[in-house]
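First chain written, first letter: the chains are A, B, C, D and E, and each begins at residue 1.
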């Protein structure tokens, strides 16, 4: 319990905590200034009733929940996409191992490409990626400048499937069942790109921010007549709440970075690699066993 | 931080900002008039309690969130549809490159049609489009007056697939796997048309607008006894919030235009074109390489 | 702007406006009676605090939003179903035109059936339909009394597909790809029937209505001590809001009628007809062109 | 209008109305007791401010909406599943009639099984069902004690499909297209079982109930200083609202019973039977017509 | 009714009840301390208005509902996944029994593997599982250390399917129809792993907790001037509500454990086993019957 309490206060997402704190401190100075001005210079006529802020605060709360929901939905959709990438690659690998009638070494070209695809997609969604960083064996002078590396790797997958089919290593039904998973690669990649490139409609974004700014700037004037110096604390609390919601939403709605709040795509990619290698290993081992028998 | 603060105040979606401001200014005049009337002529008997507006305001807030949610859902659904258009076209292109056993030049007819389809759909959802503007090579005297250009391009895709099949360039399995993506063209087009042509049920639309009008017109009378001249500021704030929500929702729920809030269909179409061309290029280059080897 | 303002006040869904107004007027009489009684006869002891109505009003607001959401979801789901009917029929028509190796005249039997299906479904969801009203050519003495006309038309579609297959005009793959769209006809029809026949769970319906009635009947007693004659106006506003929400929800949750709030199934059906005819036309024209070449 | 008003007061779901009333009456006695105690014995020191109950009431309202939403979602999902059962059975029947090349009498074994499946599923979701009650022809000494009748009927469907295939009455493509619908039988059955067997997470259930109990027990103490004897009425109203929401949610979240709030599975099953029989009838009649021609 | 009332107070999820109580008791001590301090030492200047806590409480309520919703959605998605595991295994078993032309004893290898898969998945989502605990017959020296047992069992399923196909016991269509269900095994497993490994975005988690802590710590200071010693009771009630929501959400969002709130995966697995065994039994019995006839 003590541990939890401490972590509540200190542990926290560092960069976000800094951004939130900075804004809250700034805002606290502003409210302190307002209260000081009010108590020294403007002695009688500034007496805004606080009622208005109650209603507006409730409405703004609803909009912050809307903001939080949409940001979280993007984040969770992105997580689902990476989850289904894991599934598709596992299924694809298992099927390749059992369907393609070629030596294990040749067969494993596909699992290798799939692992490279996962690494490439992860980087592609951050700052871009070059083919030599994720799958050096495939580098030729022609493709060194390829822009869309995940698409290129998908092309290599289909090229291999086509080659195996022409060599009668797989038949049309195998092709169809493998295609089920292969065409998901581009679907997942495209959906991730959509999340990465599309923000919440700009007008909503600015409108919500502006509403927060208007609300917080006017809040001390509404509380001062009743709260006096407590205005500073009350405003700091309200400001912390609103600014925090907005800053976290901004962070969460871009889920492919490297901060603590982002999806652990590094971990997931490693899981894909480990899990794919294990499948390949036990398929090979069982095949040898069956060959001996 | 200074930069953000400035942008909060100035940057903002221009036309929307103008529409919102216009209405808010108008409403502010109205409240000023009410306060002036009240303080000069109607000295005692107009004393409406403000409590009612608190409850109604909360309820109206809930409806504005409902409005915002439905508008945003339409916008996001439209974005998803364009995202899946990108995916389908990429998958379709990769498959055509690897499945169809004809020279690259002939094969590229399909990618060309798909790019034209994206351009045509974009314009079709705005002010309509003529075939000669998106795919001049296919223009004949007969089809110059075609109404539904995306449907016509889809027909050309199926015509080509049928031709290749009759010439045994693809077999039935290829046809089936290509059809998976080809039949999505009309599905996406139809879903976009649905979003474009269907408004939120008219009664809700008018009911929400009327409720806002009633609320805002009666609001100054409810605040005046307690707020006096501050009524103008409080009403301006409330009016800004409600009118802004409604105006933005109206803008966002029609996502296929050219304003800043609309989906960047121009950019997405260019992405489709660039990405499709790149896939065609590296498939051709790898094919030559394989041919030499 | 003047135009919009006018339309806000006047344009409005007529029958709904009448139903809402009628109830609001009735309720206004009741509140006026309460206030009159209170001010003339019950001089001191009726002094209910208004606080309770604030909380209950907020809770009721949440339930009205729940009601609005479920009504709107039904409406939007119905709209999506009709949208996908458009898509399926277009895809089906394009495929029939390119897959079936029979003269155009014979091929067009399917598009004709599909158009008839759309008309039949539209009427079936209203007051029922007879086969002779939508597809006279198929009427025989045996089927004149058919109850479920959309099912019968679907049967005719499958009958034709079976016939073409037996005559080797389409092969098994064509059949499968056409079946993809043909089996959607009954799926869409069944889903529309579900929406039409199922109301929101009865208990919720009556509970929400009863809660509105209890709330509105007790509201004037809660406001009177503070609002006096303003009670009438405040109650009228609250009543307008609650009754309006309920009446519109009732209207919107039955989306297949002919009122302004219902889905424009007439328009959609006409779009299906026009669009299908255009596809048939340009397929025929391009086929002739190809035949000449 | 008079009719509607009357029905609001009287019509109402009987057993639920009784349960709600019983609890509300009990609670009213409690509040009356509290007020009586307060006014006779505890003359000065019990003076809890009512403010707390306003905030807690709003929060509790949010949770009741959460409760209502989840209950309704289960109900609507169950309704959708039965709707899709109708669709799958119709599509299955039409396809069997047109694909299977055997005499009508033999073919109709499948529609008979599907109708029996619907009846069996309905009872299976209530108190269990025995095979002899839904499909006597299939009863043998071995299967008289079958526990899972819907699974057994699905097995019979697949057995018949396998038999027809072995006798070359259907080919592999027919089998695949029929399997599309046949495998939905178990999917729908399993999804309905899931809804029937899973409650909302127990902790939420008890937490919400406990929160209601705490709230209602403490409510009169919070209102009494301001409301006096009106406390009884105000509490009765609040109690009616909260208890009603909870009781209805409990009723609605178990949608497969026989009360008025449950899904009309009896009606839907009859619709399935009637509609399937009609499809069989007009397929047979049209086949004879075609045979003569 | 008495029974229900008792259970409301006592029955309750034990460990959760203890955690909630512990925190609430701790918090009650804190508020008592505050009130005692206030009434003895700080006689005049601490007079924070309670209004702020009303608005903040409502906003926090919205966030707690957001928290509850996301926790519940994870729980319900997990329940759906296990429900579809039941469906897929039943369908898979029925199909294997009717499609594979081998003696019953050999055929039953697949149902055995599927039952083992369900047991393995259940344990895999808790503390890991070893192959010898769920399917001893398959243990070999090579696979004793397998990490991902569900993937290994899926591999065995595909290995058997491949073996049967090579021996012409099933054809390509059978393979495709069986693959429909087989590839769901890894999809369900991956989706469960996603739910198990991903928490709500950390920032939200800490932000909501911090907001609760700030709110509850400041709450007594806001109530004390008006509530005096009642502050303790009011805070305990508010604390119970907020802490309870958070603690339950933490419990519910990890749905694969063994506590009462978790999904009854043990029961579901037993249902899968019983139901699969029954299907195998009646398929075998009916087959013998058919063989005799």
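Operating definition for what follows: a contact is a pair of C-beta atoms (placed from the backbone, for glycine too) under 8 Å apart; a residue touches a chain by one contact, two chains touch by 3 or more.
Small disclaimer: the values here were computed from a predicted structure and weren't measured.
Peer 1: Out of curiosity, which chains are bumping into both subunit D and subunit E?
Peer 2: Of all the chains present, none is in contact with both subunit D and subunit E.
Peer 1: Count the smallest number of chain-to-chain hops linking subunit C with subunit D, moving only between touching chains.
Peer 2: 1
Peer 1: Does the subunit B and subunit C pair touch with the same residues on each side or with different residues, judged by whether over half of the numbers are shared?
Peer 2: different
Peer 1: Measuring centre to centre with CA averages, how many angstrom lie between subunit B and subunit D?
Peer 2: Inter-chain centre distance comes to 37 Å.
Peer 1: Pull out every residue in subunit E that's touching 2 or more other chains.
Peer 2: If we look for residues of subunit E contacting two or more partner chains, we find 54, 58, 62, 65, 173, 176.
Peer 1: Once you draw an edge for every pair of touching chains, what topology comes out, line, ring, star, complete or other?
Peer 2: Looks like a ring, each chain touching just two neighbours.
Peer 1: Listed in ring order from subunit B, and going the way that reaches subunit C first, which chains are there?
Peer 2: B, C, D, E, A
Peer 1: For subunit C, which residues are in contact with subunit D within the complex?
Peer 2: Going through subunit C, the ones touching subunit D are 22-23, 26, 48-49, 51-52, 54-56, 58-60, 62-63, 65-66, 70, 140, 142-143, 146-148, 151-152, 154-155, 158-159, 161-162, 172-173, 175-176, 179, 183, 186-187, 189-191, 193-194, 198, 200-204, 206-207, 209-211, 213-214, 218.
Peer 1: Residues of subunit C touching subunit B in their complex?
Peer 2: Touching subunit B: residues 1, 5, 7-9, 11-13, 16, 50, 53-54, 57-58, 61-62, 64-65, 68-69, 72, 75-76, 79-80, 83-84, 86-87, 90-91, 94-95, 97-99, 171, 173, 176-177, 180-181, 223, 226-227, 230, 233-234, 237-238, 240-241, 244-245, 248, 251-252, 260-261, 263, 274-275, 278-279, 282-283, 285-286, 289-290 of subunit C.
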